[in-house]
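One structure is given here, and the rest of the page talks about it.
Lettered A, B and C in written order, each chain numbered from 1.
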Amino acid sequence: MEFSLFSVLDLLGALAFAISGASLAIEKKFDLFGVFVLAFVTSIGGGTVRDILIGQTPVDWMSNGLLISTIAAGALLTLLFNPYVQKLRFIVYLFDAIGLGLFTMAGIQKGLSLDMNIFICISLGTISATFGGLLRDIITGEKPMLLTRKEIYAIASAIGGGSFFAFRYFELPMEINVPMTILIVFLVRHITYKMGIRLPGVDENGKWVRNNVDPKS
Amino acid sequence: MEFSLFSVLDLLGALAFAISGASLAIEKKFDLFGVFVLAFVTSIGGGTVRDILIGQTPVDWMSNGLLISTIAAGALLTLLFNPYVQKLRFIVYLFDAIGLGLFTMAGIQKGLSLDMNIFICISLGTISATFGGLLRDIITGEKPMLLTRKEIYAIASAIGGGSFFAFRYFELPMEINVPMTILIVFLVRHITYKMGIRLPGVDENGKWVRNNVDPKS
Amino acid sequence: MEFSLFSVLDLLGALAFAISGASLAIEKKFDLFGVFVLAFVTSIGGGTVRDILIGQTPVDWMSNGLLISTIAAGALLTLLFNPYVQKLRFIVYLFDAIGLGLFTMAGIQKGLSLDMNIFICISLGTISATFGGLLRDIITGEKPMLLTRKEIYAIASAIGGGSFFAFRYFELPMEINVPMTILIVFLVRHITYKMGIRLPGVDENGKWVRNNVDPKS
């Protein structure tokens, strides 16, 4: 197995998602088993939904022992050192934003390998990157963070996907386009988070509602 | 691409389901992205579950640009004209009832093409027509309309499926049986709705509970 | 069709799961249709998720009329005799524990037939045995029993899976190993239930929380 920079980053993304799932499980008073399950669902849920939709089964993670060990380690670390993990929240947040970019790119590449059109490719990227969190919220009975007005998240993934195809149209080499896409997802996520920018919504009378909050220092 | 009456009705059904998803998303204070996602899930969720269960992947909608555009248009219309959409509720309701019939028929035909037995074919019809709404309710944390005592809905689909196979047994030509099935689903849905007829349930002491309400004028 | 002891036990397990789903549906005031749907989801949900993950579609139950009839009978029995079913709770509980063992074994054997590694095989066993209940809880909006601190359940399945591979390593014949695994799952489930033993969790300060309760007589 080759340990490229990407595969290391990929595992760090999976680790961040696992920690986010495990933390929520602890907050929700799940037992040991529940903590592990929620770490797994959060980390591999998006890729699993993607693979099922496109018929690429058995799904990816079944033959990826390193990924499984990484997720299990993330759950274990959170169980053992939860108060410290909470203090390192910013690092987990950073890995999560990196994971968002990496998983987006992985989904797009799966779509391309199946000759899907641009819209489907971008959707597969966003599904890969965000449906783990959606399943996490459904299982724990949370209002889904992804769909409500809390933070810019899935849109960062979609913007990265759009920019990937724009650059591709202008024949930017893949070696530049791929890391650039991941960076764009990361930056959109990070900058909107820091500046408190959120997606607007519409209230029941049809009036637009801005949801921005005070910037975080 | 051929624009038959059926394919136009099919898109109207998808549009109605998309509007129903988008309306609920607005009511639940989802953001722009959430409104689009819920419109898609409601509209294609049933067909997606069906295709996954029978192993017909990549799922249908991935290669159906017209369908995707229609759903996106439904979400956009709801976002822009929500108060008016609410006033046109009856038209949305009508399209939804038509969609219920069309999606039921589409599911049955998929089952037949795979030589499934009657029970599975009818189930696939009902799953196609109703699981989008079930997923919509699960994601938004609503008590599922489909399963509780609010309205006759899935049963209309199953009754249509049953009548399809009854007529098929008597060798009614498909050109008559197919539109008749769609009509029967529509009529069962519409008449029970108008007359306030609901499915009964059983309370915890084993007593039957009628849930009928006053007829709507 | 051959009526071995196992296939009879298998149907009894499916029946117990169906009754558990139907009972919860009645408690939640679902209508007739909802009672049947929840009985089906609880009974075949785990095997369905497993088959989708490994790409074995159309899923199993579509060609298993006896299984479908058994589940429908379970829902019907619960509807007709709910107060009595509640009095026979202990028998339902017993069948459920037997089903837990049988479904675990069925999942492991599916994994083995696809040459999956040990971890995936045990996971497939646990998914087969427990995800029906997880889906049941998600649909009804319950906090998932499986993941919270209420009872030892999924862990019993995983322990049985682990023991199966331990005995397999020592080349115990399958004719002994298979029933022994089912028995171990049953016993772990039953003994921990009787003695009120539960899995611990971690609170938000990182302190371990024992969740044991008073033994049931």
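Just so we're on the same page, a residue touches a chain if its C-beta (ideal position, glycine included) is under 8 Å from a C-beta of that chain, and two chains touch if they have at least 3 such contacts.
As the structure is a computational prediction, the values presented were derived from the model and not from experiment.
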Please give the intersection of the contact partners of chain A with those of chain B. C
Turning angle required so that chain B lies on chain C, C-alpha fit (0 to 180°, nearest 5): 120
CA centre of chain A versus CA centre of chain C: separation in Å? 31
Check: chain A positions touching at least 2 other chains come out as 52, 55, 138, 141
Which residues of chain A touch chain B in the complex? 52-55, 114, 116-117, 119-120, 134, 138, 141, 143-144, 146-149, 154-155, 158, 198-206, 211
In the complex, chain C touches chain B at residues 25-35, 37-38, 48, 52, 55, 57-59, 62, 65, 68, 79-84, 86, 138-139, 141
